[in-house]
Structures are given as C-alpha cells and as structure tokens.
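Quick one: the structure is below, and I'll ask about it shortly.
For clarity, chains are labelled A, B, C and D in written order, and residue numbers in each chain start from 1.
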C-alpha cells in the first residue's frame, strides 16, 4: 500500500546543481518563489517540466529537480508546445527573458499565447540582456546606454503585458522578484488557469541594469509605487492606503485620486475586473511616476486549452474510424490484383 | 530648364509585368487603390520602394513601376528597415499577408512597429494562405476547415489591429479591398504619418476563402456592417445612418444603439479620437454581427521616426569627432615606435 | 471534323498494333481536369496489367487566367509491357486541350509523335492568350507530327446534350471525352471510370451521366472515325509483374504512411509539426487526416517553431517529425543542432525544390544534399536518408524512424517535388510482416545513486537512454550547452568537449554497421563504369544502364539510400570500377561527398533545369565515358 | 613571507638571465583585474621591443560567486626576442591570485615552471570554494614547480596605507602589486603604466596613487626580497621587428576597422545589422562607436532580421554587413540564399565558437567551415574568407568588401572567438597607401529601350549592375524567384534556370582569377609534407613548421585565406607534396573540401577541446607523418 506521501517542500524542487547567477541577481528570489509555489501546489516533480530559451534567466531549469529543457534562444514556446502536444498531462512551465521572449522569440510567444497552450509562461524582465553582457533589450527605456547603444537606445520599448493582451492571451499577470509573499499567489493562479498564462516578473540585473525597478520594487517604494490588484476589490494603494485609481470623468483614461480629498471615497474607485481586457490594457499601461505599477492578475478569461481541443479531434477521429488498421489504410482507395 | 512635370497618373505606377493573381482576387483592387494613392501623392516613382515577403499578396512589387524587392517569407519588415537605415529619403511601402506578416513574420512586424521605422505597412488579410493552396492562417476563424485542418482549426485568431496596438504601433488603420473610394484616403494618411503606419486591408481570396468578409465588405452589406471612422466625428453607421456606438453606461464596453430610440441622440455617441489607444482597442475589437467593423484610421500618435533618430546620432557623432580620419583611428590609443 | 497533316486515311476499325511501352501526356488549362484524367487513365492502365510511372506537372500560379501558358496543367504517364522506370522522356502522344497547352508542351513530343488537339479552342482570342502569332494548326508548326485536330468542345457538348446540364458543365466533361478516346487508343476498360464517376457525382446524377456519355462518345469516336495513317489502336501487353495486390501511390502518400508505420512499429505517438511550403505541404495534409493513428499534426507559426515543437515532442517521449522544403529546412538548422547536442530522435523531411532562395517552388531538384550533410554550425553529425521512388518512400520512412529511435539522433529524409507528386504502382506490403522495433524507455530503476544519468550510452549503439517526463526518478535537465559525458550536466571541461564531439561522430559513423551493404542494382560488381545515383534519379539511371547494358556496355548501376553515413563498403565497391559517374539534379553534391570520403575520382553529370533526367541524357553520358575506350566490352 | 618548495636561496639582486621567449599567465577572480594587468604588461612588453601575442580567457559566467573556479579570468602573453606566433603552449610563469585560479590553471604550467600565488587568499573558505580538499601550498601538489608564495593581499594593503583608501579599494590594487613584481622579473618600464593609472583615475587621485604605490611596491619586492633558487630577473632581447609605428590590436578591433576601411575605399556607407551573441558582439560594440565614419549600426530583433536589414541596406546602395557566431549564422542561411539569388553585396562575419548548438560559447573552435561553404539550400555559391591572426583581420575585412562589391556577392568572413579576443602588435598601415575601389553604381542612361536590365553582366567579372533606388530610370524589381537572364523578370523557364545556376557558379569560381595564387609561407614549393592551415591555426602551424624545419624535417607551411573559391593553383601546389596534413580546430572540414576538390589525399589533424592548438601538438603530428619514412631529409 502506498504510504501517504509527505507534503512537498520548496527544497524538494531544488536540483543538486550549483546556482550560477551573479550574487544579488533578482533571479534567485524568483527561483525561491517558484520552488515554494510548486511545493504549495503539490504536483509530483516527475510530472513537471521546465522549459527555457537562452539568457541568464533561462538557466532556470537546471536549478529545478524536475524535468527540464534549456533549449535555444527565443524558441522555448515552440518546444513547450511540442511537449504539451505529445503529453498534455505534463505540467509545463516556461522561463524566458525580455530578450529571449520579446526580441528573438516574440513570434513564438505571440503564437503560444493566442493558441492558448496550457502552460505557465514566466517572462523575467530585467530590461536588459544579461547573459551577453548588457546590451539593451526591447523593454529597455529609450535612451538606454549600452555596449551596442553608446549614445543611447532609440527604439520605443514594448510593454510585455500589453503585448500579451494584443496577442489575445487569456491570462496576463505581473509579479516582482523582491515580493516573495505576493509571487506564489500569482503563480498559483497562473497554474490553475487552463491555457497559456503569461506572468511578467520584474527582476533586477544587479550587474547591467541595477535599480531599474527601484521606484516600486523595493521595500521602501512598493507601497507608493505599486498597485496590488485583487479581482472585485477597489484599486487602493499608498503607504496609508490613501490613494486610488478611477476612470477620469468623461474620458477613456485612468487617474490617480487622493481618498478623502474633494469628497472622493472608495466608491468612486474602479473595482478590479479581471475579465475586462480593456481594463487590463489600461492597468498594464500605468507607469511610475505618474501612476503606480499594477501587479497581480491583470486579466483572466476562461478558455479552452489548445491541446485539449487537439485531443478531442484525435478522439473523434478514432471514434469515427475505429482502431487504426495499417493494412486497411494501405488498401484504401483503388487497388488491383496481379495474378500469378 | 526643367519643364514642369506632368501630374502623375495611376498608370504611371503600373509595371509592364502581367498581373498573375486569380481572376477575381481582391488584390487587384488594392493594386488599383495603391497606384491611385501614389499618383495622388505625387512622389516620383524612382523614390518609391515596395518591399514584400512571400504569398500571393507579396507578388505586389512586381506590378509597380517603382523599385521593388520581393524578399523571403515573413521578413519584409527587416529588409525594409535596412533600406530606411541606408537611405531615409526613400519612400518605403511594405506589402505582407496574414500568413507572411502574422505567422512566420509576426516578430519582425512587431519590431518594425515598435521601433517606428517610417514606412507604410499594408497587411493584406484574406484570413487564409493563398499561395500555398488554402491552409488556415493566424487570422482564420476557429473551426476553419483547410487542407491542414480537415476537422477545423483550433487556434484562437489574432486581430491584426489589436496586435499592432499591443506592439506599441503609432499608426493603425483599416481598409477594404472593395472600397476603392475609401482606401486611398487611408493610405494617404498612412503615408503622411512619420513612422510605421500599419494598415490592415481586408481582401477576398476568391479561391480558398471566398466571401470571408461578405458581411461588411460588399455593396449591399457595407452600410450596416461597417463603421467609417473620422477623427472628431460621432460614430454613426447604418443604411439610414440610424445606428451609433457609445460606451455602455457604467461599463468599460462599447454598445450599439439605435438613434432616436429611448431618447438616444447623436450627443450620446462616442466621438472618434484617433489619439486614444484604448479607444482604438475597443474599436478594433468590434466584430460582425454584434458590431459594425471599424474601418479608417483607428489610431494615430505623433512620434519620431526611428531612422531620423538614428541619423541624428550619426550627425552628433560627426559633429563631436570631426571628419572621419582613418589614419587617426588606427593610431588612437597606445602606440609605440620600433626604430630602424 | 477530323483533319490531318497526313493526307492518306486508313480504313475504320483497323487492327491494333502492339507496342512495348508508350508515353502519353495530357495537357490543358488548370480548369480542364487534367490531373483527374491522368489518374483515371493510370488506374485503367494498372488494371490492364501494364507497369507504369506517372508525373503530374502543376502550374506555379494558383489560378492563372484561363488560356494562358502559365496556367497549363499536365499529367504524364509511361506504361508498358516491360518494367517502367520513369514517367518517360518524351511523350509519344500529347493531348492538348487548348492552344496554351500545345505551346508549352509541343517541344517535348517525340519526333513523329501524335498530337491530339481540341481545335474548338483554337480561337483568335485563345491563340493570342497563348502567345501564338499565327494559328499553329494552320501553318507548318506541326509538320513532323501525327496531328489529330478534333473539335472536342463541340463533340462533347453534343454528346451530353440529353443530360440537361448547362453549357459550362457540358464543357467540363471534355476531359472525359478525351479520356474515352485514349481508352480506345490503348484498349482500356471504361468500367472503373464509369463507376468512379457515378460514385463521385452521386448527388448530381445528371452530371455523372453527362460525364459517362462524354467518355463513351470519345471512345466511340475512336472506333468509328476516320483517323490518319498509322493512327490506329494499339495494344500493350501485360508486363511481368510480381503477383499480388497493387495500388498506385504517390511519394507523399507513401512517405506519410511509412512514417506512420514506423511510429507504430516503434510503439510511439507521432507529432508532426510543420509549416506549409510547396512541395512539402502534402505530407502535412495527409497526416492531418490520419489522427486515428495516434498522429497529432500541428501547423506551426513558422519552420523554426515546427522543428522546435517536434523536438519538444521527442523530449516528451513521442516521435517528433517536421517537414519542409529547402528554404524552410535552412531555417531549422540551429534547432537541429540542439537535437544533435541533446541526442533526441527527430525526423526532418525535406521535399526538395529548385533553388537557391525561393527559386522555382513547383520544379524539382535534388540540391539540398550539402545542406543535409554539412549545413549546420560546428561539427554536427546526423543521419541522412533519401528515397528513390514514390513507393520506396514507405520503406525509407520506416527506416528513418528505426534509426532515429535506435540511435537517438535526428534523421534528415530527402524526398523531392518530383517524387512527392509522381505515382507508381505498389505491391502493397503486409504490415504484419514488418518486424516491429518498439522503443524501450528508461525506467525508474535505471536511476543510480546520483540520480539518473541521461548521457550514459549503450555499448553497441552509443545511444543514450530516452527518459520520458512523467517517469518518477528520472528527472533530468538537458540543453544545448556541452554536457558532461555520463551525467549530462553542463560541462565547460576541455577534454570532455573533445570526448563528446568524438562520441557524437562515432555514434553516427557506427550506424554504417547497421545498414545494408551497398550492392549493384544492375551489372557487375566491378568493371569499367559505375553510375552512382541517389534519390529520384533512380528511375532514369536504372533504365539508362539497362539499355546500355543491352547494347553491350560494361556499366553498372549503384544507388545510395543511406547518404550519411554511407554503407561501410562504399569506398571499396566504387574502387572496383575504372570510372564513376554521378548524375544529380544539382550542380554536383553527392559527387563531392564521395570524392571527399573515398578519394574516388568520381565525375559529375549535372542537370538543374527543374526537370528530371531524361534516360537519353544519362545514356549519352555513359557513352561519353565509355566510347573511344579500348577493350572488348564497350 | 616568501617561502619556497626549493630550499636554497639565491642572493638578492643576482644578475639577470637572458631568455629567448617567455609565456606568462595572469589568473585570478573575475574581480581581480587580470585583463587590465595583462594589457598593461602587453604594452610594456611591446615598448621593450619584444614580439608578442596574447590571449585573454574570460569565464563563461557573467559574475560567478567570488572565489569559485568558474569565475576565474586569465590573460596569457607570449613574448620574446624572436618572432612570436602564438600566445604560447604552456606558461613558464603562472600568477594565481587565489586558490581557484591555481586550481584551474596549474595543469597547464610547464614542468619546472614558476608559480606565484597570493598566499593571503588561501583561507579555508576560499580553498573550499575552489574545490580543494587540502591546502595545495601545504602538501605536495606543487612539487616540481618553482613556487613563490607571497601574501600579496597583505603587502598591498600595507603599501597603499598612506593613500587613505578603503580596505576594499586597497585590495583592488593587488593586481598592480603583482604587475610591479612581474615588471621587475622581466625588466619592464613602469612609467607608461603609471601614466595610464593617473589618467584613468584622474578624478580619484588617491586611488590612482594607491595603485602606483602598489605597482612600485611589487617592483621593489622583486628587487629586494629573497627569491628561491633560479628565480632571478630575466632579460629578453629586442626582437627583430620591421621598423615603424606599432599598436596592439585585437581581432575584433582590426576587423571593425578593416570593414570600415573597406567601406570607405568602396565609397559606401556601411550598415551593420547584428544581434548580440558571444563572441561576436564585440564587433557590433566597436562599430556602434564609429558613427562618424558613416557607419550605421542596428541591433536587430534576431539574426534573421539582422541579415535581412543588411541585405535591404545593400539593395538601397549601402554596404550591408551582418555579424554573428555559428548558431546565429545558421539562422541566416535562408536569407543568404536570397542575397545569392538577387546578387547583392553582403558581408556575413562569423566569429566561430565551440558547438554544436549552444556548445561552449566562450571557447574557440573553427568548425563552421562546412556551414559557410555548403550550408544553404540548393546550389548557392558565395565567397568564404578566413583571417589568420588578429591584425590580419584588417586586411581580410578590406578584401571582403572588395570582393562583395566587385562581384555583387555575399561574402562570409570567418573569424573565431580566439582571434577576436587575442591581440598582437601591429605595424600600423598608412591608410592613404591602400588603393581605393570605389563602386560604380548604374546610371540612368544605362536603361535601354525595355527599361533597365538588372541581370545583364560585366563580361569579365560576370557581376550584374548595382542600381540605387532613387535613381530615375533604373526602377526594377528583384526577388528570390528565378530570374530571366538579363531582364531579371521572374522566369519559370527550364533552360534559363540551368543557365542562371551555371552563371552563379561561374561568377564565384571566376573570382579565383582575382585573388593571389597560393604560395608556401615557409619551406619548399614541394617536398615530403605540406601542413595546410586556415584561420587562427596560422600561429601554431607557423611556429611548429619553423621548429621542425630547424630540426631538419622537409615540411612546408601553406595557409589559405581564401576558402572559397580557392586560389587557382591550390590543387597543383598540393600535388607537389608527398603528404598533406590539415590541422583544424574541428573534426575535419577543410580537409574534406580539399579532398573533394583536388582528390588530394590530405590527412586531418583535429582538435576540438575549445583551445587553440599547441605548437607541440602540431610538431608531434609532423613527426608522425615523417618519422619512420626513409630518405635523406626527415
């Protein structure tokens, strides 16, 4: 008889490989958060597969005690899709970076999202290419000086969550490396969702882009710099919970308001509605310093996972055609006999 | 002395090559519309470059009397970016299809849009792969039966305009093959815009997807099926101009209203505001039969073109470093002399 | 109605002449139904007991304006009382349904051959569309051919009148009228076609009967009309064909079935991930219709995603397959390197087409051998196989699965546009008689003290174990960075990289021991000249060597199905010949590999015009090698 | 403070020994400043008149935890009174700034060589981090070496005390202390380094002075301390070097300047479109800083976009250049085919690294020759060049531009990770003495009656005209579909495809007439053995052949800069040797091309461990070929 398995702990998901990120890299915290999430979820490690592209962030699978595939630059969503098509039962987690996922890999990310392949996609956004030593990335702010842009970068950055919404993603969320309490909840939601769950995770590259998110991702700045989203709850933030977000009257825009000033109360604030894609777009576009940065689940829409639809067709074909018989297949259509 | 040049005519932009689309293909109408637009604009043909990928639509450059480059599948935005980097003075038009631009080429389109390279990008959307004989495309509706999806396609389609908005595009518009009067105006706006102007053009593939847009793109259906956008104008449509679009009270959603019913008048309708990205998203998402399909300029935001910023840096470097002197370059840094 | 460039007429119902083999080409507008006509004729011919080979030739444009030369569609069949190796060099009979079809195809017809034209289509307008300055039926353009001008359009319209179909529908039966005439010409049985028409148009009985009437009318025309001199019915004796149940099969079909069969024999689910491209899309289309065989097909966003998904599927324990043509395979190179580095099974099918770049997508070529053997960064060995004929695709499909799974390696399988679309009769194998080779996945108890070691190796095959995610205890991580021999952990160790490079090469080279030795297909084991082929040149080489041997030339035919690694005895076998000639539909690729590997002074015979070799071209080259040489045998 | 495994001590200030050449390797943690130390020593050595070559070896990790083996950074220099061909096989002197540096590098040190360690870092914690079970300074690990244990940490801290820097800052000057000691050891002038320090830390004078103090302290230590037996100062005579102005140059710098110079000589704007990848990114970084030379750099979204943008730039009349490493170049194959088909100039720089797949990104290899010559779909010939040393990258860069623009063709330029990062002294050329080769664009009056014909050809070069968009009258359309010879219009014509394939091949083959004939670098024009190299194996082969010739062996050195097409006389030259040996840092690639082209029975000498060849490895192989052979000369 099976003894009841001991509940899994975060360290059950740590592999024996030495973690080789730079000391102080934000990716360490994400690793911890993910290991905790998996323990909380309780999936047996053998059913979990981590798939990544190339980049500092994409070293992630080596540090997990699960199955893992460190593939090639930008293509992880394609590999992950293949894994799910081969075996929809596997619990697939994808790790990518802002370069891996949005520069070379933008197209695969786009298509994994729109197809709604059931997996968790974590995009570690440090707004820089870490592994190749600090070139700017598609999420770097205009004017970023880097080895390839000594006079400052010129391209308009992408917002990963707005990109995902434009890609028709069914689940879009945000988390922050330093917020260990918050992250596992978001990741659990991502895991629970049927389909491609996109989670942008801000992470600090201490070597090439230190402090990129300091205006909201640090202990001292989080309360004022960040808006924690909860479905159905009013959008309140600030150290003293004294600020809120509402629709600017008469306009299709958000605005920050001070609670208690000009007679504004909680009732005037927007309630978060995860199911409204337009609201998600408005929230995703909020940036410091004018707005708090929205974290949590921005958007979540019930939808069918791609691979389950695929297997419904396989099952239907089986039901319609009976068991696969090769001899019958080869003899289908016109045949003729040549006598002895 | 130069004689004043005769004004250009549409046929001045037609090449001597026989047009080889299927008889009845929507692309013929677009060709006409583009030739007319160029004549109206009056750019000399030698300054115009048409660049395309691969697909029926991508044969387009051969039929123009301008410079043209029929490149490889999906990569036209990259080639076009190179052309603009080499010579920002050229007037670059890009032709792509829903497969070329959104399947294999999604990433390049994404980056050309976010970088805001100054060109006109026309995506001929017939919701099918024409050239390879009828497979479904990323814009095909779920359930599309095609040679590669005999039981119906399963992937959620992309909306080209929503994709472009998510890509941080600065100009997003829509036109329809059959609407020859409307198209040149949209294309002229695209041309006037500094940066990457994205225009989705619905086109009928008579062979593999005939009638895909019949609910709004035909003479009899356009009035009811379509909303013609004009900046600052109220959103009215219908054969009798008796319907309109407004924000659903108390929600972040659009709704169709009947003018004159329940006391609804023009003042209750939304005025189109090209500069509001969120509104553009709402409009871009409208679909038949519940909503009219929005055509015209959905979004337009003033922004700097990528290549002009690039050349500002080149000029600044020149100004700071004086004329390029190779002998000085080779002798920069530490040198030493070995005597005779 | 029937006129002829020859003046004398033969009496009606003249006795039939016996011929050994015939090449017929049906050509018409894309809308004229030439492919259907061809496949019905093929079936009737197979039922008549002839051996045969066919080749359809589609226009490059989807639907070119009616009547233009670039809208011409053709179907060629070669059939006979002897073994038929190719679809034939030059047609004995050309059927041209309109001026454009005549314009495009006349140049290929054998001197003195027969040209049947639908004179009803030779209007001024159509002549102009086809680019004729003058009516070729009216001037001397057709001198030297047996010409049969028949107003098929009119005769068909009359023949179907009673079935109440529209004029447009009536004209659609023109192809059946023509088929009826050709059936008469070669004494074929109409019944299967009649049955097929009635089944096909089950819900439109008047259309069905109109077509049947047209077929019969064409046949009767042959029996009764006054035909020109020499133009009488023929018989073609049955060929000596192994007894058994046959079907016609195209390369694309046989390949789909072979791969599916291989997966079944390996006891694996197949995941085909592909992106459409001419002429490779057929494989995707066929497999998309075979879901009941535990086949999942996936139209990816591009070729890189396709190969990535296929590798992902293999990682997860299925058979990952991806398919494309040259330009698409070029995009897969980086990912194939990952499959090589991670040592996962993977099959990459390349239906080659004419290049470089977009090239001539609908024309054939076999110019991706270099890309297959050498076309990746770094030292990245894998297996390359090439099928030699439509039906051989079935066997090569199975062989690809066998090697990929047994050796944990990517396999490139080379087909080509010609082979994919061409069809030939196939003695249907008994699936149950094919020996299965089920994959043994690693099991939980294979994990040692330090966990599972994914890069240990089987002593014989050097293959690493294949561990399926989901299996407890075998959790492991792989990737494209160099791996420690054994543990598979990342290793930057210099000597380990050397060892792994050597192991990867040794594993692939070792496969040479597991494939059949190279033998001669025809001729002696040594001698004056070996003609070495690969891929779809099999047919023309085989026939050319046969003909030349009949003429007394000392020439042998050698064919490679395993391009990399090559059979162990390849160098030795070739060393037994004074000369080695390598005909290829490229600018010389296998010839370079043979020279590099064995220092064989092999000579190239190259053809890159988008068309298969003609038998005569190879015969001429053989003569070029051997004539003027001294010695008893030529 | 100074202890030694040898027991006897020499008197202070002993006279200097003269040595002909020395190899020193500085190794420490990534944070220890070893690269700076190395480059200062290089400059001092160059100023002292020695010939030299250097090689920096960076860790694969960005910033590994301090003290670990995978965070070790090293810099090796070989300098001498004779011509220096490589950075040296085995160090005579190893400076190890911590236990990890010792662990990683000790195995390479010459038997009896000198090992200088900072004993202050040999703490229990650091030993553990480095993976030592026991203290190697305390057991017999260092037997057989001259060991100098110095508590450099402590001595440095003391030396800089007076400059009021923090302890952390003080320890940062350890490298200067060490440099001072080595300066004493080889009698180098400290002044340039002092000046450099003061310039570098201009705004932080106390840091500058602390470093100067450390440098001086290390030097004084050498002069005054009691050093072990045999450990006294050395002198290295000046080498015979052509007179002139010199600088040190890395391959990446020389390549950037060579390409820029080429563009200038061709009178073109350069557009470099690239996507970062190790070890190719440097070229992008350097050119990004050269905008004033009319160079536009573009970091594309991926490698395909990069090559696409480069081709677009060439279409628009600029020089399109793209750069990457093996896996990235693999992605460019399809687009390169388009450049071949449209016959546009394009330069593809490949800084090769160890593979397959991601492989060992920071380790060197020259295994992309196959990919360069053969790695595309269809028959797709282009030009392949390979530079032979850091400074040679300048010349090859210019040559690439010359051939690309003169012949309207893509050119692949092969460098490698070793060459990009290694540096050597370079006799700076006078730019004005290099003959320009300005591009002649097509002009309006070249358009004929039927408009401009973009696929007519120059009778000599077979190049087509290059017409710049913006030029009235030359409007034309090109693409990847086969083009009509002359007009460039789409053509599906069979014979035209054959003609165009032949023309493309002939154009590239014809370039063989426009490049220097192959000559021997050292040795006779024929004889017993030719050692044929390409790329960065130049150095070790050159030295090995030199040494073996000194020992009386009949061996010659032949080097290919033009890999495809090869010089016209290649086959003939090689035929003059009994044996041909081809050392390559791959599993045998050039050797296969030589065998395929010329049936030369060339033998491979392969090394794939991520490291350049050692001279001794090549010497051994030469002996293997020639010893045991009869005849007068060995």
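The definition used in the following text is that a residue touches a chain if its C-beta (ideal position, glycine included) is under 8 Å from a C-beta of that chain, and two chains touch if they have at least 3 such contacts.
What you see is a predicted model, and the numbers here were worked out from it, not measured in a lab.
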### Summary
Comparing A-D with A-C, the busier interface by C-beta pairs is A-C
### Query
Centre-to-centre on C-alpha atoms, which chain is most distant from chain B?
D
### Task
Please compute the C-alpha centroid of chain B, do the same for chain D, then give the distance between them in whole Å.
45
### Task
Report, in whole Å, the distance between the mean C-alpha point of chain C and the mean C-alpha point of chain D.
47
### Task
Go ahead and note the Å separation of the Cα centroids belonging to chain A and chain D.
40
### Task
Indicate the residues of chain A shared as contacts by at least two other chains.
54, 72, 103-104, 106-107, 110-111, 138, 151, 310, 313, 316-317
### Task
Would you please write down the residue numbers of chain C that are in contact with two or more other chains?
70, 291, 301-302, 304, 327, 334, 338, 342, 357-358, 479-481
### Message
Looking at the complex, which residues from chain B come into contact with chain C?
### Response
20, 22-23, 54, 56, 72-74, 103-104, 106, 129-133, 135-136, 138, 147-151, 207
### Task
Provide the residue numbers of chain A that touch chain B in the complex, in ascending order.
103-107, 110-111, 114-116, 138, 151-152, 154-159, 162-168, 170, 247, 252-253, 273, 276-279, 281-282, 285, 303, 306, 309-310, 313, 316-317
### Message
Residue numbers of chain C touching chain A in their complex, please.
### Response
43, 46-47, 49, 192, 241-248, 257, 260-261, 264, 269, 271, 273, 290-294, 296, 298, 300-302, 304-318, 320, 334-335, 338, 342, 428-432, 450-451, 468-481, 489-490
### Summary
In the complex, the residues of chain C that touch chain D are 60, 70, 304, 325-331, 333-334, 337-338, 340-342, 354-360, 362-363, 365, 367-368, 370-371, 373-380, 479-482, 492, 494-495, 497-498, 501-502, 504-505, 586-587, 589, 592-593, 595-597, 599, 601, 607-611
### Task
Could you pull out which chain C residues touch chain B in their complex?
61-66, 70, 274-278, 281, 284-285, 288-289, 291, 297, 299, 301-303, 327, 357-358
